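Next, two complexes with subunit A in common: one pairs it with subunit B, the other with subunit C.
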Partner chain A sequence: MSVIDVFHAPRDFTFSDFGTRDVSLSDGDTVMLRFPRLDASTVRALADSVRRHREETLARYSTDRIVNAIAQAVELWTDPSYSERRLAEHLIPAITGYDASMVRIELKRYMRMFRRRELLRFVDDELDCPQMLDEYRPNRSGGYTRLYGPELSFHVFSSNVPGIPVWSMTMSLLTKSSILGKSSFDEPLMPVLFARSLASVDPDMADALAIVPWRGGTVDLEDAAIGEADVVVAYGSSHTTEAIRPRVRAGKPFLSYGAKIGFALIGHEALRADLYADTVHRMAIDVATYDQQSCLAPQTMFVERGGAVPPAHVAELLACELESQQRKYPRSTPSEEESLAIQRLRSAVQMKALMLGAGPLAGACESDDDSMASDDPFVIQSRSDTDWTVLYYPSVGMADSLSTPLNRTINVVAVDHVEDALPVLRPYTQWLQTCGVALEPDRLFAVAQRVGAMGIDRICPLGEMNRAKSGWHHDGGFNLLDLVHAVDIERNTDVYCDGFDMDVE
Partner chain B sequence: MQHSDLLPLDGRVAVVTGASRGIGAAIARRLVRAGACVVIDYVSDDERAQQCARHIMDDCDAAGRVITCKADVTDAGQVRDMVSTTVTTFGGLDILVNNAFAHYSFDPRNRRTFDAIGWNNYAAQLEGCLKGAYNTCEAVLPQMRRQAGGRIINISSNLVDSPIVPYHDYTAAKGALVGFTRSLAQEAGAWGVTVNAIAAGLTVGTDSSRATTEDVREQIIKSTPMGRLATADDIAGAVAMLAGDDAAFITGQTLHVDGGLVMR
Partner chain C sequence: METQQSQKSATLDEQKADIKREVLDFISRYGCDKAPDDAFDRLARRIFSFQFEHNLPYRAYCMSKRVTPQTLSSWMRIPPMPVDGFKMLTLTSVPENDCEAVFTTSGTTHPGQRGRNFHPDLEVWDESMIVPFRHFIMPDRERIRIAVLSPAWDMNKHSSLSRYLTRAVQECGADGSGFFFHEDGLDFTGVERFLDKASADNETVMLMGASSAYLYLLDYLDKQGKAYRLAADSRIFDTGGFKSTRTDMTVDDLYAAFGRVFGVQRTHCVNMYGMTELSSQIYDQNILSYYTDGSSNYLKETPSWVRSVFLDPATLTPVADGKQGVIAHCDLANWNSCLAILTEDLGVRTEHGYELNGRAKGAEARGCSITVDEVMAANA
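Right, the complex of A and B next:
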């Protein structure tokens, strides 16, 4: 049985005690994941170590140098035979339960978001003068500004989508921060593999990183890490992030990325006879990718009437597409609790349909003209288990909740105009994030104006909801600016200081 | 849902049009034997239809799994009522077999030559075959879409590919049915519905083939690799195959069930 270390620490740091976990692979093999057993003092020592290494490396590096180092590490991942990539493709499906092909394709796409040209986008998008991360540069008010990143950031990584830690690790590195990362046992691998890639490119720089897994909610370890860090970045369920928030002292930056609800707005123009099949395919991809576990994924899709196929047919088509996705990328197995929630929701909507006199047989009673068809709620579900579920509602008022139990469970809501969907989003403001759109260009910006005002912070093409682009202002915040603080040399300070130059008159 | 090998269509619901006799009755029997609930559609003879249903139920030990339903497939209203009855009785509709067609006699001696045939003859055949299939498909598709799947099997003829005797009107209508099958398959695939056709060879023991002369039969047999004519059970077997799970990925096809007379 092979042993895989799921931790990364500076080369001169040694752990004394280790624990292990076995993971069974699809080919029948078992691998042993090894990780250090920690106490609060070890966490503090780790923090101290990466901070010291940062002084020698990141703190002295230019932003260009850091960009290049990350880019080289990421470039390794574009090689299908790269050992860490192969390890990720082999082990992550076994650890997470996600389909292996889906993991392979999504990870490949994801890592390409951090190639050099994309890293420049992250930097240049937010900073008028990226060199401000390196030195004092003239600002617009006549003085000079330099941006300082935190000495140490503490990251709480989530396990829902493999690879997400790469994003937050990269942002911290670009601000020259050392990193103490707490990974999840549900997916401890990817942040460690990325740290190893960095180590192979610049071992000294990688000594400013430590990644260790521990069980979420282990308060003494978390408090030790929070206490050491200058910035805390937490990913995970709202439960996770809210448990950490009160323990971060006031004034210490705390960035949290918790649960969100994604929506899609599908205009009638995307349901033209020559387009509807592609539109439905894109809808299915958004639902199937990572089983809606990503905060980017849709939970309710609003479909406009007036296209070549009515919204009810779109729901039926989506059901078939989800069945195809299930054959292609089988869903991971949800927990008992999640399965029950799906079953409960199915029954509730079926019951609602029955109360309205529709029932499961409504489909057969349609009249000649589809637009005249009886339009009642219905449920289409996978023949086996809870693999996928489409819940159709003929009007916005009929859906009890716009969120679903996930795991490929999607609401399809018919609207006369996509704009009709906006008022019902209001109660969800704090959960809003991604909005997938299939709209003609004239409507794109009009709708964007309105959804932006409601709390949506990402508008993207239908079919790409799970693939945020580099530079996206994650949850409406700034990737780099939220991590740094600015120091200004005020206007005239330089002139005043010139007065102390013996040679100046 | 897993289906046992013994009852591959267990729990499925089928409508077979023109099923009180001949090939239709054989198809109904075969689907019942495979575990399906079957609606026997017929157009005129109540007595014969009920007798057919009774025989099938007795032979297959399938009490409660077979009903008869009188509906003229050329009448959209009657077809819709039949589909509605099917769904309320059996709780769904998974398989549609379009077997009904306007009465025709394969009589080589008395066939109408092109000069003698009128457009009204073509129209009658198109009405029975193509409009009938259109009506039934139009009525069952909403249900199949809601179930995220279904099987439609249209009974055509090998005369489309090899008109040994040129029964112009009949063959033209069956050819139209093949085009109908392919085009519908293209669109219905997105709903998980397969649409296929069976090109049946001359089938013994049916009312339509009774007038076929011995010399034509012999000529067909001589050209058929399997050395015999089709039986209604041969056609029924192919229908059962296309209705089963093993044919889940077959659509838009025309399966020749004629002992190899036509090879494509």
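Right, the complex of A and C next:
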């Protein structure tokens, strides 16, 4: 049985005690994941170590050098035979339950988001003068500014979507921060593999990183890490992020990326006879990718009437498309609670349909007329399991909730105009994030103005909801600016100081 | 037209009378023993046909599941109505207006939405209540002095539990029994006096009430500094679990507190599992086993006219014994609404009965997405 270390630490740091955990692979093999057993003092020592290494590396590096190092590490991942990539493709499906082909495709797309040209986009998008990360540069008010990143940032990674930690590790590195990352046992691999890639490019720089898994909610370890860090970044459910928030001292930056809900707005123009098939395919991709576990995923899709295909038929076509997604990329196995929640929602909508339609349907049994023509809510579901579920509602008022139990469970709501969807999003403001659109160009900006005002912070093409682009202002915040603080040399300071130069006239 | 209609309702009346008689016969013949499979299957099919014919929303539901009486292979295949259906649909074979009673749920999970179970009359319900009650709760005696901690039937006509408790007192209560619940809630001083007197008389008693009522009573007695050593054979009957009242207390904690405060040991604490949507109750077997062979079987058992099936949450097909599943009940006493119902409760069947593991908890997303249950919880 092979042993895989699911931690990364500076080369001169040694752990004394290890635990292990077995993972069975689809080919029948078992691998053993090895991780250090920690106590608060080890966490503090680890923080101290990466901070010291930062002094000698990251703190002295230019932003260009860091960009190049990350880019080189990412470039390794573009090679299908790269050992760490193969390991990820092999193990992550077994650890997470996600389909292997889906993981392979999504990971390779994801890693390409951090190639050099994309990293420049992250930097240049937010900073007028990226060199401010390296030295004092003239600012617009006549003085000079330098941006300082944290000495140490503590990251709490989530397990829902493999690869997300790469994003937050990259942002911290670009601000020259050392990193203490707490990975999740449900997906401990990817941040470690990425750290190893960095180590193979610049081992000294990688010594400013430590990634260790521990069970979420282990308060003494978390408090030790929070106490050491200058910035805390937490990903996960609202439950996770809210459990950490009160433990971060007031004044210490705390960035949290908690639970979100995505929506899609599909205009009638995307349902023309020549286009609807592609539109429906894109809807299915957004629902199937990572089983809606990502905050980017849609939970309700609003479909406009007036296209060649009416919304109820779109729901039926979507069901077929989800079935073919299921054949290509089978869904991961949900928990009992998740399955029951799906069953419960299915039956609630069936009951609603019966409540509205029981009269005519019961009558139809005798007269045998075409009762299905009426526009009632309906459920289409995978044959025997909870693999996928399409819940159709003929009007916005009919859906009790715009969120679903996930795991490929999607609401399709018919609207006369996509704008009709906006008022019902109001109760969800605190969770709004991504809005996938299929709209003609002159409607795009008009709709964007309105959904932006409601709290949506990402508008993207249908079919790409799960693939945020580099430079996206994650949850409406700034990737780098939220991590740094600025130091200004005020206007005239330089002139005043010139006065001490005896040679100046 | 008119004659046709009256003919039709006459048919319903006749069918109804036949069905009721058959259910009552079944109850008296098999009681709490195990009924032969074919007898159960035969009557279940009869009732299913009746409901399929007269209970139109249920019929529509069965049609959507592609099950009709003609295609039914076994009672196991009767589509169980999800409990949500009792909230949203009017599930009755006999017209709503001809029903003597309608029992409603408390609406704890989804406030504002109450499940309703219609009863044209309570003849079968009453019989279905008393036979297992005597069998599982009173195997050693005819009557016992009872204190009830929940509202009586005259206070709450729509509560099946109130009907149940009132019947228990009528049929099996000895002198000195009483209801200790008034408009303002639990009558603490009344219960205290009852307990004082029971201790003084050294009389065997039974406390009966909703599990949550005991939490308040224990708090009260604690404040009064009262603890009792009730007479031998005294028992404590609770039902319903804690629902939303208090989540930090477990059933074991509660039963330990019963030992401390009432001097009643675990062997004499018994839980009844009932639902408004059913017309029968399911019991822990420990009192029965204690008085039969001295053992303590805390697993649940149904009377002969109820069968519980444990389903895989993902596929809704039966799981093997010993594996947890979501529970569906087939209750022949539920002859008017739907005999098969799908609960949201989880349980495991073993050789000697089944274990109830409570209501399925809401699902939480694994990462930064959010599920409907979490949204509901946040908005609650």
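Here, the second predicted complex is superposed on the first by the 489 of 505 C-alpha atoms of A that agree within 3 Å, B and C clash if a C-alpha of one lies under 4 Å from a C-alpha of the other, contacts with A are read in each partner's own complex, and residues count from 1 in each chain.
Here is the rule we go by: a contact is a pair of C-beta atoms (placed from the backbone, for glycine too) under 8 Å apart; a residue touches a chain by one contact, two chains touch by 3 or more.
All values reported here derive from a predicted model rather than from experimental measurement.
In the overlay built on the shared chain, the residue A:S347 is in contact with subunit C alone; subunit B does not reach it. In the superposition on chain A, contact is made by A:A277 with subunit B only, not with subunit C. In the superposed model, A:S384 lies in contact with both subunit B and subunit C. Looking at the shared chain after the overlay, A:A199 reaches neither subunit B nor subunit C.
By the document's definition of touching, of the two partners only subunit C reaches A:S158; subunit B does not.
Once chain A of one complex is fitted onto chain A of the other, the partner contacts of A:C320 are limited to subunit B, with no touch recorded for subunit C.
In the superposition on chain A, contact of A:K260 is made with subunit C only, not with subunit B. Once the two structures are superposed, subunit B and subunit C can be ranked by residues of subunit A touched, with C on top. Overlap of the subunit B and subunit C interfaces on subunit A: residues 361-362, 365, 384.
Across the complex, subunit C is touched by residues 158-161, 186, 235-239, 257-261, 292-295, 297, 299, 333-341, 343-345, 347-348, 350-352, 354-355, 357-359, 361-362, 365, 384-386, 401, 403-406, 427-428, 431 of subunit A. Residues 56-57, 59-61, 63-64, 82, 84-85, 87-89, 313-317, 324, 326, 342, 344, 346, 360-376, 378-379 of subunit C touch subunit A in their complex. By the touch criterion given at the top, residues 1, 76, 83-84, 86-88, 91-93, 139-140, 142-143, 145-149, 190-192 of subunit B touch subunit A in their complex. Contact residues on subunit A toward subunit B in their complex (touch as defined above): 277, 280, 313, 316-317, 319-321, 323, 360-366, 368, 373, 378, 380, 383-384.
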